[in-house]
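Quick heads-up: structures coming right below.
Two complexes come next, and they have one chain in common, chain A, joined by chain B in the first and chain C in the second.
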Partner chain A sequence: MTELCPHGGKGKRHRKEQAWKTMEDRKQKLLDIEHLSIIYKTDLETVYAVNDISLSLEKGQTLGLVGETGAGKTTTALAVMGLLPERTARVTRGKILLDGEDVCGMTEKELLRLRGEKASMIFQDPMTALNPVLTVGSQIGEALYLHNAQELSREQIEKKVEETLEMVGIPKERKNEYPYQFSGGMRQRVVIAIALVCNPGLLIADEPTTALDVTIQAQILSMICDLQRKYGTSVIMITHDLGVVAETCDMVGIMYAGEIVEYGTLEDIFTGKEHHPYTKGLFGSIPNLWEESDRLHPIEGLMPDPTLQPEGCRFAPRCTECGEICRSKKPPLREKDGHQIRCHFHGGGDSLSAEDRKEESHE
Partner chain B sequence: MNKRKLRRMVQVKEFWRRFTKNKTAVLGLSIMIFILLIVIFADVIVPYSKCIEQAGAERLQGPGPKHFFGTDEYGRDLFARVIHGSRFSLFIGVATSLMALVFGSLIGASAGYFGGMIDNAIMRVVDVFMCVPPILLSLAVVAALGTNLRNLIIAMTISCIPGNVRLIRSVVLTVAEQDYVEAARSYGTGNGRIILRYVLPNAMGPIIVNTTMMISDMILSAAGLSFIGMGIQPPAPEWGALLSNAQTYLFSAPYMLLFPGLFIIITSLAFNLVGDGLTDALDPKLKD
Partner chain C sequence: MNEPILEVQRLKKYFRTAAGFLHAVDDVSFSIGRGQTMGVVGESGCGKSTLGRTILQLHEPSAGKIFFSGREVTGLSKRAFKDVRPKMQMIFQDPYSSLNGRMTVSQLIAEPLIVNKFCRSSSEIDERVEEMMDTVGLAKRLALSYPHELDGGRRQRIGIARALILRPEFVVCDEPVSALDVSIQAQILNLLMDLQDRMGLTYLFITHDLSVVKHISDEIMVMYLGRCVEKAPAREIFLHPVHPYTKALLAAIPIPDISSKHKHRELLQGEVTSPVNPKPGCRFAARCPMADDRCRSGEIPLMELRPGHFAACLKAESDQLNDPVFRLREESV
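Presenting the complex of A and B:
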């Protein structure tokens, strides 16, 4: 077992300067999602899973996507990998630029090259994410074998597999064992090893610790952070645990019903003054160490039916601050210093973003 | 490397322990081994020449010390014919089952894995084939291609591919939904590789069991085809052909029917018992 730093998040707390200004800047980013909308269409119904979200991620940064189940987090992640189910899912609008290339327009062949090499994914449940009939070593070697750009020989691949195993804290002697011989936490390490073996620029962690117990959670998270720092990987951390976000992320996007309702730096979200009512509700749903209260204050109600496209704000039916305008008009994304909030009443101070001003003057 | 071998051994041992807990399966396996020994050492037990050698003086002799199973209407030794017939019967059974396994796996796995149009196209063709009784289908193919061993195997393979495709597709459907298949896709594994390395190996349990069961079915239907004269042609001995031959002398020499029939029953019983045992031993849900 390797030494694990107990507070993996701490070291990277020094933030980079906010680079969130011009279009030229945005083109340099590793991942840039622009106005992405995804639907799942079946014969019976159309589910609006992701509605007009825009995101960007710099090299080496971690972006947290937070939200309830069904908010469209995983759909977004799958779209970035080009893994959406072909028969039902459609990208109706928008672009996903990964390293300057549009993922949505890629052929299957290009996608095969992208997956594993440029972007890879850690799945939620390590108990089911490994093939039970292959040894862990051969599963780690698989990605290397498939993306063998440097034309490594068999021995070199074996060696790299051993290195990668050691890197995630598993003795290399265990490479010939099968997944059933590993515990949940060890399997998640193997899954991470598979994801990182080709040194991808982007790592998507889809609730990597949800299926693990708390002690292992901390180990796995700090390991992801350590490795990220070591290799300069960008990470999208999908979670519904705000504690995980606080430990690991630079940027945070709060998702609700397929929209990003609030987006900003970790400080914006955790210590900023202005918040979307949903964000407030999320924080109200977790216990606070410094305030004594008998009860938590969860958000009343459920997520809206994703097959409907409401006219006003999607959060309106559950919102404590809901006004007349919220039911009839879709709120604009207000922005102040990169902190965006999609609400009629919050965010942006008095300065509306350029886009919104245009909209307003139009009316 | 040594450790790996050891671990394999442990797995095999565990499998063996669970298999041997089923006494009937062990009985089936012993019979199977016994018959395999007969197949391997047929020439040692009795030379092949003996089963085509005609002796007019010894026609239709009952079982006795000279001819253990008696003789047929040409005076050929039935013991020799049954012993050497096992080679044909088992070869046909195993060969057709394996071929049906390979083709059925590839076709069924593609249907289950890709789904949609490909699935629909494959399954409708399979449905058409399923409408024709298998024995009729093989008959038609043999009639079209001509009767010899190769064509017989082709015909019987074709007749049992559809059922295999169905079974394998249904198993693959559940396996293809597993997370590790999606995970494999997420690190860039192509579809062909996923089917061969991820989907099929994990679907192997039911497929292996089905194949052992199929071997006995195939021995029976080879016997059936030979019985109606469309299988192995005389003078080559095959169990079904022996039966077919025996029906003329059903009342005067019933032993001619008895021995080949007994061997057919015992062999297919053995394969079925082993198949049952495998089902239990390979089913992780029954682990205890």
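Presenting the complex of A and C:
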């Protein structure tokens, strides 16, 4: 018997309160993204993938990034890892501070040091993330050979590989097998082992369970939770499944068309009174297991064309509460007790967040 | 229940592999009433897609009988089956790979009409294609687009149009929404339910997503390694799951509700065992927390525990009130 989320409700809340107290202390933050904008530029068109997002993550916290395909979740994650495609992607504004260092300004050599050691990523599809012609043991060991900070010997590295395999629930005898000999769930465990072998401070999980069955998903999520608690790793959980968010996250950012439209604690998003209309739409789209309902309430329409930069709110064409001002003026980010909503009509009173006030005075 | 439109009796489909026979569908029986939806759930590899395909004779069954509108369709020649197939259609899982990228939307939707020689003139075809595009909510201006220009939701609408243009009575929906985003998924589910009302369709709805299946189905069948382990009306199976596998499936769903967060959940350990030459006894015994020697010996039949509620479990009578899912439901009420 395993407990899915190891922290009981009370302990978690307590930890979160502590986290809030240190919010102002910038040094506590492991990751700090400020006003990040990313475009993909080709000869034909420019795609505005990420538009002015700010977020921060403290040590040991889990941040959920939720949104539909094309919302810019993965682009944000790749930017943190310095993995954006060189030829097309440009960071046009903002910075990403990881442990106080700006990732955007790093050279390739510095990035190599960062990846795997300070930050690592679990990729979405375990079927394609592994090299089919190398044994899983050598793929897990690769990161250790590259970042051999403790100057381990070959034997010690092999031992560490075996330990890591056991940690993710694979018998160490299987380290000389190839990825095709593993099932989907087992492969995802191998991918997680690769990401965790150097004990990184930041783990980015890009839809780690989307390709898996629900029983296996539950096993993998509980494993990530356990490992996080054990090593104090910070996690960015990218997903479109609000159920997964409810199970694993402390903080949640709802992304739409490259923007964070709502940001707050798990309680703010799931039980808070004020919400962005898009968040409401997302919740209305999921069939509820425990309630009787005849029809779902989908969000009509589609995500806007990412090559256009609309004047007003990006969600306006699909929004049920859209007013005149929404089409003409970009909504401000309103904040109340850390719960941020980017909407003209929702969010805490008229108080703008400090960042937006600064911006307004610039204009 | 309405008169059954489809009746499946002891259907088996084995595939020959190097290691022995793979029991993809093993002794499955059920019937679906006209205008109803039967949901089939299970993990990947449990045989749910094979079941759908075997019913449509895309695979030849190894044993068992299938009756459609009272007529036996197993054993019909290919030529004879051609008359039946327009009445039984399929919506495929992946709208990205199931459409020919070299055909326009209108050609794709017209194809079944042309193949089955349903229309006398091209103007009649155009008329029906246009009508169908309207039915499934595709704008007329998209008629000359190619699939790669469209998003997943619109492509799945093409798949639905292709299945429905022959005016079938019975449609197998093989994971029609699992490749789509949640907001689009809800649009497609609503569309499928509207079309069912309007055209009197009967669905066999295959999915791994329990919340989707609950939303759309009248009756639900849970499959594990080729076997039907539990079958009951949709409400009933969520209120009173009996089979340990059904309970484990329900417990594994992440619920988008933080009030249920501190509840302890029992997770299923291990993975699905191999369906090649399965051992006798209950297929789930290897992962079941309650299994004993009795479970691993004889065949376990599907037993009717309450009216309409069938389960293949010897431990079915165990104390329901201690079940976590059941308790959760009681709390939320």
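What we mean here is this: the second predicted complex is superposed on the first by the 324 of 363 C-alpha atoms of A that agree within 3 Å, B and C clash if a C-alpha of one lies under 4 Å from a C-alpha of the other, contacts with A are read in each partner's own complex, and residues count from 1 in each chain.
One rule holds for everything that comes next: a contact is a pair of C-beta atoms (placed from the backbone, for glycine too) under 8 Å apart; a residue touches a chain by one contact, two chains touch by 3 or more.
This one's a predicted model, so the numbers in the text were calculated from it and none came from an experiment.
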item: Three-chain arrangement built on chain A, chain B and chain C clash or fit; value: fit
item: Touched partner set for A:39, first chain B, second chain C, both or neither; value: neither
item: Greater residue coverage of chain A in the superposed arrangement, chain B or chain C; value: C
item: Touching partner for A:170 - first (chain B), second (chain C), both, neither; value: neither
item: Chain B versus chain C as contact partner of A:203, first or second or both or neither; value: neither
item: Chain B versus chain C as contact partner of A:222, first or second or both or neither; value: second
item: Partner chain(s) touched by A:247 [first = chain B, second = chain C, both, neither]; value: second
item: Chain B, chain C and vertex chain A (Cα centres) - angle in steps of 10°; value: 80
item: Lowest inter-chain C-alpha distance for chain C and chain B in the superposed arrangement, angstrom; value: 10
item: Touching both chain B and chain C, residues of chain A; value: none
item: Parts of chain C lying in touch with chain A, wherever the complex brings them together; value: 43-44, 151-153, 181-187, 189-190, 193, 208-212, 214-215, 238, 248-259, 261-262, 264-269, 271, 328-329, 332
item: Chain A residues within the chain B interface of the complex; value: 81, 83, 87, 112-117, 120-121, 123, 125, 128-134, 142-143, 146-147, 173, 176-177, 191, 194-195, 198
item: Sites on chain A touched by chain C in the complex; value: 1-5, 8-9, 68-69, 183-186, 213-219, 221-222, 240-247, 266-267, 270-271, 281-290, 293, 295-300, 302
item: For the chain B and chain A complex, residues of the former touching the latter; value: 3-4, 7, 115-116, 178-180, 182-190, 193, 197-198, 201-202, 204
